[in-house]
Amino acid sequence: MTSLDTVIQDLVIANRILAKEEVVDAYGHVSIRHPDNPDHFLIARSVAPDLVTAEDIVELGLDGMPVRDEKRTLYLERFIHGAIFEARPDVMAVVHAHAEDTLAFGVADGVKLRPVIHSGSFIGAEVPVWDIADNFGDTNLLVTNMEQGRDLAKCLGPNHVTLMRGHGFASAGRSLIEVVRMSVYLPRNARALTRAQQLGGSIKYLSQGEIDARNRGYSPYSTETWRAWEYWANKAGCGHLLTRPGR
Amino acid sequence: MTSLDTVIQDLVIANRILAKEEVVDAYGHVSIRHPDNPDHFLIARSVAPDLVTAEDIVELGLDGMPVRDEKRTLYLERFIHGAIFEARPDVMAVVHAHAEDTLAFGVADGVKLRPVIHSGSFIGAEVPVWDIADNFGDTNLLVTNMEQGRDLAKCLGPNHVTLMRGHGFASAGRSLIEVVRMSVYLPRNARALTRAQQLGGSIKYLSQGEIDARNRGYSPYSTETWRAWEYWANKAGCGHLLTRPGR
Amino acid sequence: MTSLDTVIQDLVIANRILAKEEVVDAYGHVSIRHPDNPDHFLIARSVAPDLVTAEDIVELGLDGMPVRDEKRTLYLERFIHGAIFEARPDVMAVVHAHAEDTLAFGVADGVKLRPVIHSGSFIGAEVPVWDIADNFGDTNLLVTNMEQGRDLAKCLGPNHVTLMRGHGFASAGRSLIEVVRMSVYLPRNARALTRAQQLGGSIKYLSQGEIDARNRGYSPYSTETWRAWEYWANKAGCGHLLTRPGR
Amino acid sequence: MTSLDTVIQDLVIANRILAKEEVVDAYGHVSIRHPDNPDHFLIARSVAPDLVTAEDIVELGLDGMPVRDEKRTLYLERFIHGAIFEARPDVMAVVHAHAEDTLAFGVADGVKLRPVIHSGSFIGAEVPVWDIADNFGDTNLLVTNMEQGRDLAKCLGPNHVTLMRGHGFASAGRSLIEVVRMSVYLPRNARALTRAQQLGGSIKYLSQGEIDARNRGYSPYSTETWRAWEYWANKAGCGHLLTRPGR
């Protein structure tokens, strides 16, 4: 396989993992920056992530428009991806999803979503909440053009995740594996924090030093990182699609 | 297939989806107005939704009585459907179910069920709670005649969903796909709101303008709507029964 | 098949249903009074309910002792069943289980477990909590002799369910189908009540008149009751074992 | 099979059970002291527990280092196991995991994790919380050397379980079956306690006498204990690997 074929196959795996782990249902999507052209990204056409195959992957510009003639319908919210790739050259992969257990943190202001468990450290110390109503008034809450996408990317700033009020979240990673992992552990961290708050008393969050220490250990193809990717892919029924770099 | 065969097959798919998504268990049902006769509707005989096949679908009048000779037992609560179709010419499909996470909102008056997430917008700004005891005293809580059905339909009014105290809910849509979608996302919205209330602070509900904006985008066979229908049908093991209009 | 064979097969189905619905795990058991001898009852030998086959069913006296030579190990807590059958001639079937969502109501005294949903009505208006420590001090919490079993049966009194502090519950029905149904909906009612209490405000329980009205409609082989039995058996993978009386 | 082969096979089963019961995901591990050499222990190489086979099991010294030439990557946190085996000659098996429902008790100080249900008795009356930051400051929260492992073992003391703040737990048993059982019922006890606290009022914990009574009944291969092991192994799809001692 060419390098591009491998990237596309990894993107298929990512779609299936996110579906199996209930980060996405029929809605939500994951993208990766094109390996040979940083001004393009790859994402599925409008289809449920669980059903994505290599043939469904399309190539879009950072403006969210297809770079080749494309008759198939595209995700309405592909501008989330384009705008984040545009604003953040360090970001290689993006997820937008509505994972259920993150939603409450976008609509209630009682507790801020912050890391309380080590696997949640990658969401970073700060998780801003973007409210589309602030700059766009009454909408259908979907990010359907670049202006809205750029507003969201601005709110994300240098962070890894932003909640979207009444809607879901967008997460941005340095690799596909990282953004998938972040998106799987974000709801888990949300659940742990929700329960901690129910138990009462004071809550011990991860310190900035701990978040930094974990971040320094980042390596997209370390044995530890690969272990989860391999596990999730097998669980999602697509272990046979796995390709490990350098093997 | 004739148009009626397609409608019946879609109704079978709807039954299976609602079972798989845990909106119904052995109890609960979904109906659709007859495509050629607005005074009739189609619904399964008394059988668990997960086991419904085309042969189980019967045709009833708006009074809940079979229009042809029918020896098989019918759902006791078919009057819910008849009465809503009678009162609401705009309604094309009805679900009655006991989805677990909606139940608390029918028995506790601490928080009203309202949309907090975009996928919950279709339940509408107002979700009334119907208490059968108000007009019928001590019953077995089931809607077993037209009088009770009409009382429920009156409480529903122009809304899309009504909770039924100590029992479940009834939802009414402009198409089968819409009512299934509403019934799947109703419990999700209920869970998100329950957790938001646990987190504390103030809660930001969808505004009326947002609900209206989402409603204006309604289209039963858009790519976006179909995406979920296709996903749910595959997940429920009946993707092979799918028929897409105009394809 | 003889009548006894059918009863045994139904008991196998009941075991599998309770396992699939997560009422029992490796522990917990279900019994039925012997159809020809009210002083005997049928229950599995010591094996996980999910693995029970007809060969595992043994016949015990109301003292919990095997009526025939039996070398296989029996459930330690079979005395729960014997003592309830002894005290309650109206009871035809018994379940003892540790269904997770019922446990909190046995250890916290903030809210009493009472019916809030129509499918929970069969647990009855009163669900006593039996604490083995009251009369037996520090034990391993298991009911391992007739004295303890009779103490539990006394606490149950004329009710349908008793919680067992720090342990689980015992439920008693007029038929196998009824006791299975009660045991499946008991945790659901517990969850609905827990959430209602979280939502706050006042909670509307089923009235005594409603509980009575539902109870009057009891019929172990009605279409409505059978619908659930058929559904659960299919879901548990043993639909092929179903036998419907009078068909 | 030799005795060692049987032990290794049991360790494979333990890995699969812990994965199926969602005690571990891609992360978390289980070990057993070597049956012929108390200064060695057996554990998988760095691979997700659900994918472990006999070939993945490696033999390590109590310092966490492999006793034979080993090119494969090992678990970073194997020192948890080594340090506990070193400090506690009575301990024959160790689990480290991040079971989600235990996490809140490690970060909130409102309620202490203590047994409220009989199956939770084996965690013991006291469950200390170890915070790696107390003696090691800002780390990535992982136990990656013997010094940290020994600090954890010291906090565990004579207990059976210690929570690890923001991370998970370590549990120590007198047999593999015991430590697996403890690790499965620990999250269940945590959930029951969380809900009890939500219901309000006072909570009745297991008394010390009850914990002692249950502990006296400990027997790793009793019918009752085996029943769960057999059930979990079958549920995890590896019932065919079961070997029962003395049969």
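Think of it as A, B, C and D in the order they're written, each chain with its own count starting at 1.
Everything that follows uses one rule, which is that contacts are C-beta pairs under 8 Å (C-beta built on N, C-alpha and C of every residue); 3 or more make two chains touch, one makes a residue touch a chain.
The structure displayed is predicted, hence computed values, not measured ones.
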{"item": "Lowest number of touching-chain links that must be crossed from chain B to chain C", "value": "1"}
{"item": "Degree value of the rotation bringing chain C onto chain D, based on Cα positions, nearest 5", "value": "90"}
{"item": "Centroid comparison with chain D (C-alpha atoms), farthest chain", "value": "B"}
{"item": "Copies chain D and chain A - interface residue numbers shared by over half, same or different", "value": "different"}
{"item": "Distance from chain D to chain A - Cα centre to Cα centre, in angstrom", "value": "32"}
{"item": "Distance between chain centroids, defined by C-alpha means - chain A, chain C (Å)", "value": "46"}
{"item": "Multi-chain contact sites of chain A, meaning residues that touch two or more partners", "value": "197-198"}
{"item": "Arrangement of touching chains [line / ring / star / complete / other]", "value": "ring"}
{"item": "Chains that touch, pairwise", "value": "A-B, A-D, B-C, C-D"}
{"item": "Parts of chain C lying in touch with chain D, wherever the complex brings them together", "value": "25-27, 46-48, 50-51, 73, 76, 98, 100-101, 103-105, 107-111, 131, 133, 137-142, 165-167, 194, 197-198"}
{"item": "Residues of chain D touching chain C in the complex", "value": "116-119, 121, 188, 191-193, 195-207, 209-210, 212-214, 216-217, 223-224, 227-228, 230-232, 234-235"}
